[in-house]
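Chain lettering (A, B, C and D) follows the sequence in which the chains are written, and residue indices restart at 1 in each chain.
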Amino acid sequence: MGKGRLEAFSDGVIAVIITIMVLEMKVPHDADPAALAPLVPVFLSYVLSFVFVGIYWNNHHHMFHAVHRVNGATLWANLHLLFWLSLVPFVTGWMDENHFAPLTVAAYGFVLLGAACAYTILTRTLLSVHGGDSLLARALGKDLKGWISLVIYVAAIPLAFVHPWIACGLYVLVAAIWLLPDRRFEKLLAEKP
Amino acid sequence: MGKGRLEAFSDGVIAVIITIMVLEMKVPHDADPAALAPLVPVFLSYVLSFVFVGIYWNNHHHMFHAVHRVNGATLWANLHLLFWLSLVPFVTGWMDENHFAPLTVAAYGFVLLGAACAYTILTRTLLSVHGGDSLLARALGKDLKGWISLVIYVAAIPLAFVHPWIACGLYVLVAAIWLLPDRRFEKLLAEKP
Amino acid sequence: MGKGRLEAFSDGVIAVIITIMVLEMKVPHDADPAALAPLVPVFLSYVLSFVFVGIYWNNHHHMFHAVHRVNGATLWANLHLLFWLSLVPFVTGWMDENHFAPLTVAAYGFVLLGAACAYTILTRTLLSVHGGDSLLARALGKDLKGWISLVIYVAAIPLAFVHPWIACGLYVLVAAIWLLPDRRFEKLLAEKP
Amino acid sequence: MGKGRLEAFSDGVIAVIITIMVLEMKVPHDADPAALAPLVPVFLSYVLSFVFVGIYWNNHHHMFHAVHRVNGATLWANLHLLFWLSLVPFVTGWMDENHFAPLTVAAYGFVLLGAACAYTILTRTLLSVHGGDSLLARALGKDLKGWISLVIYVAAIPLAFVHPWIACGLYVLVAAIWLLPDRRFEKLLAEKP
């Protein structure tokens, strides 16, 4: 089975997710700078969620470059990932609405953790189709970044109840780890004969 | 006529449908766990609708692998399917808003039944283009799962008025039938010379 | 310049338009059949708008089969068409909100007229690129359906002030004219060597 | 790395942005012409934003015709552009809600400036991949229109506080500069052997 339509559908869903988040930013009813003050944290959480969804799209794009075929399990593993990403606008909105209350910040981390687990499952599904000596397997390697992210999320969720900003700082850290471009696929694809 | 644009348009519509459903989940105005309690059934209905729309996308994807050409009737049969799917967010929202009242659960089943009928019509339209000995016809076979689903929906709609959970249980049963991957197309496509 | 991206972008915009219209159907707060009664005209206007947008997608799809290249003018003529289509959810919602008041029904017809004019302009732009003896020109022929639709819209707008249902009947008539599949392109493409 | 998926994802995001702006136009609760009067500026700002987003799509489309490969930096430069474009519906809505108050008109210009800077960065990223004697470099030339737009935006933002209509006039001027089709790419692509 070809990968074209899976890519197209994922692009569509991620495009909608990344764009409807902006609808959570309610337009202020005043036009003075003071009206913008309460929007600052809302805006920062929008930027963070935009970056996270952007990272997933980027990694998805990179990984599927090395993918040659997909099966039924891949389709569902991919839908499972899209399911968790579709919850990002909801938890972003809940966090905004309640001024980064601990529970909402933990919920945000929980959804990020869910998406990260779903991505790992998708990776395993693809590896089982392509085999351990495939380009894909070599490109993924030990997936260090992936495992570090999972560990940080698991730590951040309880730490949100100590202080929400600790958890937020950890989320920003994960984003920073991934923003540094993942050159593994680019390197290997460049070597490709 | 090629099938590429029909697939792309269907992907786009289904991507929007599956994503706007999350907008029905209103962000709670509180940040304590009690605020999440009323969201549990809303969340479960979101999961169910996500799975149903995901099943349709998966089956659409599988079926169109075996499709070689489409005609004007196919385009309209496909739009007819997308029409019923576009009502899924509406009935999901109505069911949530009224705490799974019998009428709303029956309406949910009615929309699923409409989508299932539309899918069957789409199948027939494609078969009339491809002929009875095509790869498509062999892959569909007797379409047992399709007919069982139709029967269960027809039974579930009146049973919603006996008790909504009976109908909901039957909807979950249909989803479970389809979640087990439909290997018919994969098998036949693997045999393809 | 290739036509692939113009098609993909149009598919995306039309997919969003056709799907967000369902957001205009507000979920009723009651679960008895009486709560659905006020939804009947809303639902019918949704069906009508869905069919109109579906017709535009279908015709766009058919026409671009016969298109070989596009230029800058085509891109803007196409965006102009998408602009008018993007107003369909707005006028549908206005008509629903005011129970098919004459002014709103006339506005609905005005937007349909705008879209029809935009489609005609797009056709002319494409013809100027392809020449009078192209497959496209032969497929379009005298574009009788197109001109009849324009005439009906121009008549329907003032008639909405006589009685809204006259105008609505005329809109349904135009939809019916187009729902009969436009076999011109299929025929000619089948002849294509 | 191929450019196909970057184009598809950008098409998806821009399609959603250009369409959800219409949701900012709230349906009037009356059906007399007076109810439409307050909608006139809202409608004009919708047209302006539609044209701006359309210009970006058009230029994106033209530029990527001359692009042969993308790298990780391109993906992020492109997401950065989409980020600024995703803010257009928000600032359009804020401007409408506050009847073109100076601060909101300045904010609108700020987002346009951000998008213009992001587009310039994207251009530089692509040039660094393709080299100074590539088709892309020759097509962009000195990018006069791009620099003039930046200058006009920088002037318009403070002038919004003198009078909002001066800034709005300048935004319309920029749109007019770009609406005249950018024939650079078309010319060079026509010459392409």
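Quick note on the criterion: a contact is a pair of C-beta atoms (placed from the backbone, for glycine too) under 8 Å apart; a residue touches a chain by one contact, two chains touch by 3 or more.
Values in this document were obtained by computation on a predicted structure and should not be read as measured data.
A.B. asks: Does the chain A and chain B pair touch with the same residues on each side or with different residues, judged by whether over half of the numbers are shared?
C.D. replies: Chain A vs chain B: different; shared/all numbers falls short of half.
A.B. asks: Let me check something: if the centre of a chain is the mean of its CA atoms, which chain is farthest from chain B?
C.D. replies: D
A.B. asks: Provide the C-alpha centroid distance between chain B and chain D, rounded to the nearest whole angstrom.
C.D. replies: Result: the chain centres lie 37 Å from each other.
A.B. asks: As a quick test, compute the distance in whole Å between the mean CA positions of chain B and chain C.
C.D. replies: For chain B versus chain C, the centre distance works out to 26 Å.
A.B. asks: Counting only residues that touch at least 2 other chains, which ones in chain B make the list?
C.D. replies: Residue numbers touching two or more other chains: 8, 12, 15-16, 20, 23.
A.B. asks: State the interface residues of chain D toward chain C in the complex, per the touch definition above.
C.D. replies: Interface residues on the chain D side: 7-8, 11-12, 14-16, 18-20, 22-23, 25, 27-33, 47, 50, 54, 57-58, 61-62, 64-65, 179, 181-183, 186, 189.
A.B. asks: List the residues on chain C that touch chain D in their complex, please.
C.D. replies: It comes out as residues 1-2, 5-6, 8-9, 12-13, 15-17, 20, 23-24, 71-73, 75-76, 79, 82-83, 86-87, 89-90, 93-94, 96-98, 101-104.
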